[in-house]
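First chain A sits with chain B, and in the next complex the same chain sits with chain C.
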Partner chain A sequence: MAIYSFFIFDRHCNCIYNREFTHLDHTNGTSVGQVNRNNDSNTSKLLFGILYSLKTISSKLIDSEESESIISNALKSFTIGNYRIHYLESLTRLKFVLVSDNDIDNLQTVLWELYSNYFIRNVVQNSLSPVEFKQSDDIKENETSGKINNSNFINETDDFLQSLPFF
Partner chain B sequence: MKVYSIYILNKAGGLIYQNDVNAGLNKLSANDYLVLAGTLHGVHAISARLNPTINGKDTTSEANASPNAQILTTGRFQDSNGNRSGLHSIETDLFNLYVFQSLTGIKFIVITSPNPVVYNIQTVKKREDVIASKGELNKSYEEANGVFKQLYVIYSDYVMKDPFYSLDMPIKSHLFDAKVKELIS
Partner chain C sequence: MTDEVLDKQTSVSKSALEFLLQELVPTSIRVSHRLQDSAATTASVLADKDEPTVVDTQLSSIRNDLPGTVHVLDSALINNDEVTLRIETYGYNLGLKLAEVLLYKNNTNGTKIVDILDIMKFVCRDVWKCLYNKQMDNLRTNHRGTFVLVDKSYRSIENFNSSKGVHDTLAKARVHLWFPCGVIRGILMSFGVESYVTAEVTQLPYVSFNIHTSINN
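== the complex of A and B ==
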């Protein structure tokens, strides 16, 4: 069982955080992988497109009137080949996405923890971090302002994810 | 696992059969069903593109490249499900959706009730017991595959062997309808 990567998309469809884990090196404890390398890559764009379409489908097929306890029929996960993609959307329409292998059934708890604990504390309550990550379209590639570069957030989420038994 | 609906898509993504065998889903307009089918077809195609590039790893080893190669070497095709790298399943709070693709590109889509074992949001008390279930979704995928195989047999027998059926056109066979109903109940 393994977690491969972690994405955050904001409500303007931008990938504001992207963390990829490499599982080659288990012996040393340092985090391996890449942070914020592929935010504008085709992978993250395709992933967002799939999420968006599936979300529309799931809300269309069952509406919430019958089941009042659930606000809307939320997409939880989907499987592509050998990968399972877990999805959580906050009320502010921030999308949290974890890619894992398909032995892991449900990471809603983990996603909620990432949002409610780490994201809220380190990004939302951080007065130095911007409210909207991409203010304009003409931010050049590899510029830092469109992404979460908060080292506390990166380190704490890394520690949290890597401490999970199925990482 | 209770089956809500069965859809069949032709290889171009058009909806050729739609049957709500059990109540549970919204009734949509005919146009909405076509849009739905088209969207799923598109997502399936995008997924196949996305799959090897996630994490920059090429793990699929092109099992998808030519399923025919297997037929040539072994004389028969092992698994009727040709869906290797595309979208397999979707899990939401209120339903699960499974996709099966035949060698000829026909997609069978089944929407079922969600797996009751897979729980929802809980607060993390101890990191060790975050995951209570593993492999449950794979089990229900296998279960859905059983339904697909039987459905494929019925499709071959009562649609493909129907002399009045023209390929890629909507299926309007009462016999097929009856057999699907029989399979589900």
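== the complex of A and C ==
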């Protein structure tokens, strides 16, 4: 069982965090990978696209009597080939996504923990971090803005995910 | 019969208070920028506008200073005396008033405050408890008017972490610490004690406040 990557999209459809895990060294438990390297890659855009479409379709299929919050999280996971995509959307339209292999059934509690604990504490309550990641075009040259780039968030979520038995 | 001032309080959300206090530094920087702008140009560039703030409202003349972003903290003015003094003054005013309310309440409990050490204990216990819901972790003095108050987990800055590294984080956290410095100075002033208060932080969220007074104890 393995978790391959972790994405966060904001409500402007930008990928504000992207963490990819490379499972090379299983012996000593460390894993290498990349942080915020592929935020604008085609994979990231396609992933967002499929999530957005599936979410829209699935909420239409659901009985509209249901409450708003249930509809917004109607889509929880789906499988493509050897990958399973786990999805959680906050009411503020932040989208948390984990990509794993097919053996992991449900990561909703993990996604919720990433949002309710790590994101809130290290991004929202951290007044040195922006909460609005939309960028005007003239600051695109600055690679660090427009993404979650503070070391506490990166390290703590890494530790958390790597401590999971099925990582 | 009127209620006691402090008995009327119910509770304030910790997060809401923190977020409000965190706005002190950006606001102070923006005020200084606005003053500079209006001094430089006779007709103010940012004329008073009546429109409500929206997500792409430019908040000041600082580049890309939009709501929800932190570009304002990269302004060269962040360590300007005018900016830090303004933050300190807010704390000072709050301290002056807070001492009065807390003391009035204290009187009925029979606590006696006679010398400077009692005043410091009052800051450590009552004031910190009121503002941060905890007490100071340590109080030291050289008995020549200098006191060091240590808060091992100062709440307002405990989650600070800049994307530009530790150095940047500490530099920006220090500006926020002018507020509690002002609070302490205001409290002491309300007892008639003139003081000079600075804060030191080398590792978050461990903060020590150095208080210099002219009173020998």
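Convention: the second predicted complex is superposed on the first by the 148 of 167 C-alpha atoms of A that agree within 3 Å, B and C clash if a C-alpha of one lies under 4 Å from a C-alpha of the other, contacts with A are read in each partner's own complex, and residues count from 1 in each chain.
One rule holds in what follows: a contact is a pair of C-beta atoms (placed from the backbone, for glycine too) under 8 Å apart; a residue touches a chain by one contact, two chains touch by 3 or more.
Please read all numbers here as calculations on a predicted model, not as lab measurements.
> Could you check whether chain B and chain C clash or fit when both are placed on chain A?
fit
> Quick one: classify A:L91 as touching chain B (first), chain C (second), both or neither.
Touch partners of A:L91: none, neither chain B nor chain C.
> When the two structures are overlaid on chain A, which partner does A:T56 contact: first (chain B), second (chain C), both, or neither?
first
> Once the structures are superposed on A, label A:K134 by its partner contacts, choosing first (chain B), second (chain C), both or neither.
second
> Of the two partners chain B and chain C, indicate the one touching more residues belonging to chain A.
Tallying touched residues of chain A, the top partner is B.
> Taking the superposition on A as described, I'd like to know which of chain B and chain C A:N150 touches: first, second, both or neither.
second
> Identify the partner contact of A:N126: answer first if only chain B is touched, second if only chain C is, both if each is, neither if none is.
second
> Take the Cα centre of chain A as the vertex and report the angle out to the centres of chain B and chain C, nearest 10 degrees.
After fitting both complexes on chain A, the angle is 160 degrees.
> Just to confirm the geometry: in the superposition, how small does the C-alpha gap between chain B and chain C get, in angstrom?
Checking C-alpha atoms only, chain B sits 22 Å from chain C at its nearest point.
> Which residues of chain B touch chain A in the complex?
Within the complex, chain B touches chain A at residues 24-26, 28, 32, 36, 39-40, 42-43, 46-47, 49-51, 53-57, 59-60, 84-95, 97, 111, 115, 117-124, 127-128, 130-131, 133-138, 141.
> Show me the residue ranges of chain C that touch chain A in the complex, using the header's touch definition.
Of all residues in chain C, those touching chain A are 15, 18-19, 22, 55-56, 63-64, 66-71, 73, 159-165, 168-169, 172, 176.
> Quick one: which bits of chain A touch chain B in the complex? Just the residue numbers, please.
Contact set of chain A toward chain B: 1, 4-5, 20-21, 42-43, 46-47, 49-50, 53-54, 56-58, 60-63, 67, 70, 73-84, 99, 102-106, 108-110, 112-113, 163-166.
> Across the complex, what residues on chain A touch chain C?
Residue list for chain A touching chain C: 121-122, 125-132, 134, 136, 138-139, 144-145, 149-153.
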